[in-house]
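What follows is a set of structures to go through.
There are two complexes below, and they share chain A, which is joined by chain B in the first and by chain C in the second.
Take a look at the complex of A and B:
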């Protein structure tokens, strides 16, 4: 996999070239704050540009977009890290923690299994019953998103 | 302004926070806004933005097409659904080739994305369209409370696309809270994320983030915290006991969905807004 090439094919990915590693992204990043900058979006971008490498830490992005809002060069930092995650899934594997969500979506059309227990509670509250849909499974199958 | 919306509740609300659904229906009824059910609506596709873009866009376009069929704008109550559907709608409207690719997939389930509907978070509906003044007219029980407001990320960001309120210093939800008579208090790191997105990949980091905000809220002497997203609410309310264990410190801050707070100020009883289902117990007397 040529990470730089993969990123450059995406309109958000192209903005990686704007980054001059100032670190504003990391200064505002909540995951960086919680890990004493062990999680570090500046390093993730730098690594992608210089080494063309992807590592597991990209899954620690909270998708809060503070990095992207703060970036003085309008690098789409958060969109880039989302894009890197899609590249990761495409070339490596789907992380284990996402698998239950995929299974639930395929089975009922929701990210969590909404069943009898939830509907009983809703009935007591006079709320409409939640019904499953098989359309999401069809979409995922057709778009290669089932990962079975 | 429209007084009818296709009403999309997503996954987290019916799974864990049906009181949010209940209280939203109450306040909209009081404001003469009709919510049209979206049966079998399923998921907005949010998480697939990180997994497979075509799957994500198709899932989002499917939900939007359901509202289009009803010729209605789409109202969401979750920040995640807001980000997913709002951004997919924009992307597909601006990108005819991508739209065609998505519609090729949707054709298999007899659906089509046209790009004719608007996606609106309920905070936007209340603040931009109904307006704080009209909401105040419906408030009969002025509350005397110190409230810590939590906007959550995807109500405001990425601001270049979502374009709602002032993303650096938002006021919408604070003003909506103050319409109930309560005071929206200032507290440090108000824009900090709830951590929900990393809960599955790293609970430690998620709980530290949740805990940091809860401590800030507690230090600011808030009576309650208010959210406008079911997942942020799960992090602060349902997971508060777990976060306390992680911190080694008691927090005990009740966390309400905004429609619960507004509903109480409109004269609904605690049970009518599902308050007994909030995990951190709250003495209903504080709303009298």
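Take a look at the complex of A and C:
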């Protein structure tokens, strides 16, 4: 499998070659900070460009899109990582360590349980309250995305 | 359909009553074998050596009152002998003899040229009188001063305009210049003194351009000026009384202030003055009135320099929010004046530059400025920790030495990785970035952050002068031998107004601009030999489509009293506009529709491949096949054109109707067109035309457009062979 070819099939995937490795994505990435740079979007993109390879670290992205907002070359960093996940699932399967998140998603509509703490914080930031939902479960059931 | 087209072919264009046509054929010392019969119905002379002075004189004389065709070596070589441009060259050496083609090919090539000459207007050089032998230099920075000094030295009157109250520009505000860190006084003070000592230079500070009218040799400029020197006593007391405080790139000063350049007097910074009148109370002679001055000049030097990009737009770095985040100029001024004494400094290269969200380009000099600031800090305070965050270190040429010195001897630490954000951490700043070489996220606690923000042009003037811009800087002038040339040809762009430059480059530039101005103004007339387009306003007026206005890459085609006209000073003779004119009202002299079509009919024979080759690149590639001893099929006939953009649908269809089996259009590589985009326009035209010719029963694959560079002779051979074998 050549990741480059698979990505090039998508409009956003074509932006892979925009990256000039300035490190602005990683420098401010909350996941990178939390994982002592084990998750490193710049490295993921560079690896894809040079080697065309995929590794498990792509699953550490929280999809906050900070990297994509800041990217000076307008590389769609977060979208690319989502695309890479799609390619990953196509060729392998959803990795075991992601399973609890999918279970959560099926259970409450979010990858994490939303508790009082989250909603308190949202209130402070003038954001509307969010509630658990079962709609995602229906979708997952119909699309076969839910684990047996 | 093919037969219909053939009928058109037989309707050859009849020539009108034109001067006599004379044909000269050079055998290049019997190197070129001529066909046995040479009868064109015109006076034909065979010459042996084109390089002899007598022969050249003879041909020049003939060209005075008759149309001359000169068959011999490539026009690439011949043009130097006949710069007047009114001779039609036929290349029978490189394109016939040297590629091993039969001598009979010469006949069709020469007949084509004769037909073209008969149906073309004579090319005449344009003479524009130089009415005002004086120059205007806009900008009193290092570029303007240096240009003014050199123009004035040649005895030409110079008006030097500066919008600030003092001369010196950005360099005047600096402490040091890279690479060595020489104080600016080494360069600036002697330069100002020389400018002041020259009687040919008239300086207007506190002045701005109000209006520009006219063109080469005859510009009328209206400036608004508030006067240079303030008359009166007790000016120092006025400064004390002035209530307006200004942050002048890091240094606090009053709106009534002094700078050690010129004028040697306290002056008012009118951009911050509120006209409160406090200074007038102390010194009643001070006038705040504005005057209008009218100047007549023949040429203009734009030396408007640059300014810093607004750093507050780069949200991640907190400029304007955190006091200790400074721009490069602010930091240098504060630090060298001893206003700040940091224990640690982080220098961020490419801050907001090479960034599609802010400035997309590289300002070229900031890497060196960053190194200069690092050296400045370490020179003054060796214990201060200095970090430089960079994406790529672009210390080109000898500046690598500065990079080495700063790293090896001063121990400045370099981190590859552009910081993602700066946050406040107690009284310090926290710079977050990735260290790409470690592959790790790092945080550096620091006292000060210096942003190497990019440079933007300090002018809105280029629009007034009709100079096309990109990112605010003038579009690079591709076909110039000098970096300062622009179009209009009486405007020269010196120094950082063209693109960000260091001081030494700016000085070189300023001298080039001065040389250009001097060269132009010492003449009685400016002579332009390039043929230009002309508009037949009768035909044009009927159609009035105005498409050629947008086609011109130079803005030379414009509306004058609602009529399409061509500005001969701007026209570069590419013919792109001529090709767009469906009515035939727009004609490039020497390359008119009529001339080109009759050349095509008379050159092309059944089964030929007609190659339209751009004179700047592909034609030279075809020449190269000759001197390399390569060969290509006999039936390839070459027509030299100024640009592929000149080739229009008519010409291509004419080639087919005259019997050509294939047509090749070849020009400069992408983005390298001598006239910016002629090659792309030609490509679009060819793609559209392919669909059309298919309807006529012509194989669309027989029409090709290729980029063939000057050295790509083998590619040329491959392409024509492919076309021949189809």
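The rule is short, and it goes like this: the second predicted complex is superposed on the first by the 96 of 148 C-alpha atoms of A that agree within 3 Å, B and C clash if a C-alpha of one lies under 4 Å from a C-alpha of the other, contacts with A are read in each partner's own complex, and residues count from 1 in each chain.
Heads up, the rule we're going with is that a residue touches a chain if its C-beta (ideal position, glycine included) is under 8 Å from a C-beta of that chain, and two chains touch if they have at least 3 such contacts.
If you're wondering where the values come from, they're calculated on a predicted model, not measured in any experiment.
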Greater chain A contact set [chain C / chain B]: B
First, second, both or neither for A:95, with chain B first and chain C second: first
Partner chain in contact with A:64 - chain B first, chain C second, else both or neither: first
Touching partner for A:133 - first (chain B), second (chain C), both, neither: first
Touching partner for A:116 - first (chain B), second (chain C), both, neither: neither
Which of chain B and chain C A:42 touches, first, second, both or neither: second
Set of chain A residues, in rising order, touched by both chain B and chain C: 33
Chain A - residues contacting chain B, complex: 30-31, 33-35, 39, 59-66, 68-69, 78-79, 82, 85-86, 89-90, 94-95, 97-98, 101-102, 105, 108-114, 118, 121-122, 125, 127-128, 130-133, 135-136, 138-140, 142-145
Sites on chain B touched by chain A in the complex: 11-12, 14-16, 18-19, 21-22, 25, 37, 39-43, 47-55, 58-59, 62, 105-106, 108-109, 111, 153-154, 157-159, 167-168, 191-193, 195-198, 200-202, 205, 208-209, 212, 274
Sites on chain A touched by chain C in the complex: 20-29, 32-33, 36-37, 40, 42-43, 70, 72-74
Sites on chain C touched by chain A in the complex: 316, 350, 354-358, 391, 416-421, 432-436, 439-441
